[in-house]
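The structure's right below; bear with me while I get my questions together.
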Amino acid sequence: MTTEGSSNPPAKRREPEVPQAAVALPPEGIALAALLPEALADHGVEVGAAIDEVVCTVPADRLIDVCRLLKDEPSLKFEYLRLLTVVDYVEQVGEFEVVYHLFSLANHHKMVVKTRTAERRPSVPSVTSVWRGADWYEREMHDLFGVTFEGHHNLSPLVLPDDFDGFPGRKSYPLNDYEEW
Amino acid sequence: MTAQLVVFYLLAAVTVLSSLGVVLTRNVVHAAFMLLLALLAVAGIFLMAVAEFLALAQILIYGGAVTVVVLFAIMLTRSDDQPRADHSQRPLALLTAVGVFALLVIAFVASDVASLESATGVGTDTESGFEALGLGLFTDWAIPFEVASLVLLVALIGAILLARSAEDGE
Amino acid sequence: MTDPVATQIEDKFTYQASSEPGTVDMMVNMGPQHPATHGVFRMELRVDGEQIQDVVPHIGYLHRGSEKLCEHELYSQIITLFDRFDYVSNFNNELVIVSAVEKLMGVEPPPRAELIRIIMCEFNRIASHLLFYGTFAIDMGAITPVLYNFRDREKIQSLFESVSGARMMHNYFRVGGVKEDVKDDFTSRALALCDELERGVDETDKLLTENEIFVERTTGIGVISGEDALDWGLSGPVLRASGVPYDVRVDEPYSRYSELDFGIPVGSAGDCWDRFYLRILEARESLSIIRQAMALLEPGDTMAQIRRIARPPAGEVYAHCENPRGDLGVYIVSDGGERPYRLKVRPPSFCNLQALKDLTVGHYIADAVVILGTLDIVLGEVDR
Amino acid sequence: MLELVHFQVLSAALFSIGIFGVLARRSAVLVLISIEIMLNAVNVNLVGIAAFSDRAADVRVFGQILVVFIITIAAAEIGLALAIVLRVFRNRGSANVDDLNVMKW
Amino acid sequence: MLSGLKGLGVTLRGALRPKVTTEYPKEHLPIDERFMGFPALTWDSNRVEPYCTGCMVCVRYCPTQCMSAQMKDNDKFVEGDSHRKKIIESFEINLSRCILCGICVDVCNFDAIEMSHEHERSERLRNANRVDLPELLEMGKKYQAEVRWKQSKPSPASPNEKAEIKAVSEAKKASEADSEATNKQSEAPDSGEDAA
Amino acid sequence: MSFIEVVFAIAGLFGLFTGLAVAVLSLTWMERKTLARIQQRAGPSVVGPHGLLQPVADAMKLATKEDMIPNYADKLLFWMAPIFVAVPAFMIWIAIPFGDNLAVRVLDLGLLYLVAISGIGVVGLLMGGWASSSRYSMLGGLRAAAQLVSYEIPIVIVILSIAVLVQSLSLDAVIGGNTISIGDDTRDLPGQGAIPFAFIMPMGLLIFLIAGLAELGRTPFDIHHAESEVVGGPFVEYSGAHWAVFFLAEYLNTFVISALIVILFFGGWSWPAPPESLFGNDLSSTATNLIGGAWLMIKTYLVAIGIFWIRGTYPRLRIDQLMAFAWQVLIPLSFVNLVLIAIVLFYDWPLWVMTAVSLPIILGVGIAVQRRRGARGRPQTVRILRRSAGEIGVPMPPASTPVTDQVQAGG
């Protein structure tokens, strides 16, 4: 359904009828949502929520600072990077969204950090200096979406063959009609 | 020509050929294996001379241990820039070797030693004298024997000390 | 360089400069067809003699683009794809995707269905751990435990067969419940199986962990500290062996785990021994969970009243469960359609494998095999 | 009939092959191997003479006892020498006798 | 070293236990009732035709697109022997592609497809394991016989049956009407005669 | 040597070769069946009754398989390596006595012969490992060399202790007893018909068994062809007939070590009771020899089954542990054994003193090996943590996990 309509982005077309998932933050989440705007005041973040997670959108150039703060600040202490991924919103807004799912074992709360990068030469700073575990995630996302993670020590292909052409994770990459590698 | 002689010639041929292989082959590892062959053939020669104990000792020490040590050394000391296998003094070496060979053969033939050959030759002595050997080693030659064992021990310790890598040695 | 010996050697081996002058390190290419890499995983080892100087892991031989496929499948069809990620703990995988969609839709499955799910998942955890003991023993050269463990695993799978109709790729969990109720003899069968499994785990325990050679081979090998483990994003037994008691079943209880009383085995040395023994204890805890859940099981519905073809509202959700291999999560972005807009899996084996280099360097080749064994990767999940 | 001279000629041949090897080969390991061949040449000679000596049996055994000692010393020698070669190789990155010229001015 | 002896004890005990494996081609393990083998089409023995109407719902929901189906008008419906207006004309499943997920069974509205107990099908070629309608029905019949399969809810009546039922009910009604009439007649014999 | 003798020798060799081939085949079948039994499987069962012909089928398969030689292999050495491994394995059997004075060649230096010949096989493994030009082969070959050379020492020393005990290097003397005279002192030395040396020298038996397993490269010492590490070691690149020869040699060696254990420690062909007491005095020497040979075979197979049993139970050691075990435990122990037996014989103590001293030493060493890492064999590092569900705050581990002495690799 995402590949069919060309003039109108499908999400936009469906917008009036699509129900939104209800937000139900757990108590820790509410506390965190209250804490975050203050803690990240200097970094131009927007704090929102999605179902049970606090979502905070960060400009790409402040990402490293924010992440380091999130990891080091004792009241936040997000020492665990659960997931790093890229979502393709090129058809809607011409941007890729990079999503970081964080968890703090010490304070037992979780949050989502998001940042956006333009379709042309997508690039965000690498967070491998903050969480080493981001290493392979970033390489994988570089393979699949062509997003460059600045400062990553080795962005060589991880899951794809070395001479693979194209970015199969993107929505523009067809599922079936491609030349078999 | 007796069967004994045939066997001797065969063994001698193997010994000489594989020794030649050792000094002539370009491949160091081949040289080590040829050495093994030569030494095993020498063990056969020992058997011909009714030295069973020595033959077995030769197989045990050279076949089992020395060759393996040599192979290890070869594999440990191999580097990318393997140089020419031979010196420039190769012709000279050839000359020396041939000269020594000629000299020795002349000496053997000319000297008295060759006339030692007597009625009590190899064929008649069927008793394997390893009991005498053992007795000799532990009676008349007891002190040299002990010294030899000491030499072995010292060599062992020295080899271990030398072969340890630098960081272990500190 | 003109010497034929040298060129021959050049051809035969690739060497890299070593720290010592004159000597060279050897590159050993382990995998993708090596018996100890548990699938199509390849690692390039740079060894000095037997000692590993560097490891470069290569994955992707099994990359099927599942996440992209998921974007083109209905939610009900995605469950079949999830079955095939971590193909030795299928139920656990199914639970992740169905709980993610349920969370997105705000659906509560009936309590009986939740308990059936828990029982199945815990049985599957045991099955997965049994496979781990066996293959790990094979890596260590012991050939018998794997067959004992397979014997027990087959029994679990027979139980699965009687419940879901399939021994491995079950497709049994549904958004809002399970496919069908268990059969009448399920309780007695499952409880009897629990006893058998207990014996089987004890047997493995005796065969391996009491063996001096086994202990000698595993203690102090592949040590990773708790902080490093967190930094690498490890999870599951690998993380807990380093002393971090992070278990999703307790930290973010899903399903009905909060009603059950169970312990989390936590190691302190972070070595291969801890990673192994922890899994033995975990299997025993799982048995206790199953017994408790069986006691709670009451007759009732097994399926919530929802549309057969799930159409969750727009939004994004991250749901995760404690898999035998660690914290398996799924991030779904929905635009309100029948198919997810974006689906991303957090594969625990993938994360655990990242730490391989830290764990192996400095050990022997034989230890690399042992360390890889205790990471217990499933390539279907690493590569997706 | 097997005669002493057979052993002696064989011994001479082995010995001269060993000399050739020692002089002609550059690799230290091969030089050591050649020395082993020379030692074996001596052994062959000794065993031969021992077998053909017509003196009393306890004297005849002298030759063999000497061989035992030679084998012992040879084993010690090769072990030690190879260790030295290894050491040299580690220090200088080469096991060639030609490269061992630090003492040369 | 001493604790290792315990391991020897375990293996010795293992050696004394009976073997747990079966020699496969000779012996078969029992198949569970719920076992999901390859999908098969069921056979409606009442109507002497497949249950399947070729509605394509399974084809659409198959995650691997291993099925294809085509429907046709049902002759029996025209003749009045069946309630199905449409019936399957051709059905093909590529069993090499099927992943035995059972989604087709879930979505089917007519009990027409079932996961049979068939599981031993292997071929050398990738496309050799395609089965067509007759074979699927054979598999289905075998499966139905094996598990004494029952329809989940009874089929609606066919036109002929409907007609029959109608006839019967009409007859019944008629007879009832008759009896009523006779009753009435018996009650008021005169008026009837009057009417006549 | 007369013509008849030559014919007999050739016939004996031929018979030996055939017998050994059959023995190897039966041994492979027996190993598979034993392991299957231990693992509650059926084992080979299709070819022939109880799968008895399975080894024959395997042999045929191997013989008809394509014999591949890798491109970069050193062809000559690659081709010669199996021979270097197999020929010594056959040659050993020349000296093995199947009955009183019944061997292909009765050697006065039998024990030394065994030791000497068995040492050559190493070179074959190293050769094959090097020539295959595969890094796994290379590693396997080097491992094999290091392992076999190390474990040869305890074997030699134990054999020496046996030689000291019977005052002879002849295998017949080891079994049948011997009378020797040193100076004026004439002594009857025990043969094993009276008392198997296993009872006199339990320590020697244990060392010989362990070192023998290592010489064979069998679990727990199979590091040189460990499938999960070096994928078959020196044999990785071999296929078909060449591989079959390696395989043959491996099983021959298994058989020879079993036979040696029987001959050295369990009386070889000799009976627990003299055969006359069972069959009467009118037994011909041929019949006695036949029965003796059969008895030897039975014992040998029993020992082989024991070896297979061990294979079915133990995991394998790592190379450094393996070497450490050889040099730190086995070799000193074997020297202790040798010195003990020498002392016992020198002071003319009764032989049970040897047993009485050996058993506590074995026990002590066993306990010492087990307790090296602490009070218990199993590390107590894993604990079960009970946390109430959803409890806030995870107790973090200490900043860096303490690396105690137990986590030092190897030792």
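Observations on the model:
We just call them A, B, C, D, E and F in the order they show up, numbering each chain from 1.
Please note the rule applied: a residue touches a chain if its C-beta (ideal position, glycine included) is under 8 Å from a C-beta of that chain, and two chains touch if they have at least 3 such contacts.
What you see is a predicted model; the values in this text were computed from it and never measured.
Least step count on the touch graph, chain B to chain E: 2. When chain centres are taken as C-alpha averages, the shortest distance to the whole-protein C-alpha average belongs to C.
Looking at B-D and E-F, the interface holding more C-beta pairs in contact is that of B-D. Centroid to centroid, with C-alpha atoms defining each point, chain D and chain E lie 89 Å apart. Rounded to whole angstrom, the centroid-to-centroid distance between chain A and chain F, based on C-alpha atoms, equals 61 Å. In terms of their C-alpha centroids, the spacing between chain A and chain C amounts to 25 Å.
Residues of chain F in contact with at least two other chains: 38-41, 312-314, 369-370, 377, 394, 396.
Residues of chain C in contact with two or more other chains: 20, 22-23, 144, 148, 151, 207-208, 210-213, 244, 246, 251-252. For chain B, the set of residues touching two or more other chains reads 27-28, 53, 57, 65, 72, 76-77, 79, 83-85, 165-166. Residues 1-2, 10-11, 14, 17-22, 50-53, 79-83, 85, 87-88, 99, 101, 105, 108, 110, 112, 131-136, 144, 157-161, 168-169, 171, 173, 175 of chain A are the ones touching chain C in the complex.
Residues 35, 38-41, 72, 133, 135-136, 138-139, 143, 219-220, 222-223, 226-231, 311-321, 369-370, 373, 377-379, 381-387, 389-391, 394-401, 403-404, 406-409 of chain F touch chain C in their complex. Residue ranges of chain E in contact with chain C, taken from their complex: 1-4, 6-7, 9-11, 14, 20, 32-36, 61, 63, 99-103, 106-107, 115. Residues of chain D that touch chain B in their complex: 1-30, 32-34, 36-37, 40, 43-44, 47-54, 57-58, 60-62, 64-65, 67-69, 71-80, 82-87, 89-90, 93-96, 98. Residues 59-60, 63, 65, 67-69, 71-72, 103-106, 230-234, 244, 246, 251-252, 312-318, 320, 327, 329, 331, 333-339, 341-342, 344, 346, 350-351, 353-354, 383-384 of chain C are the ones touching chain A in the complex.
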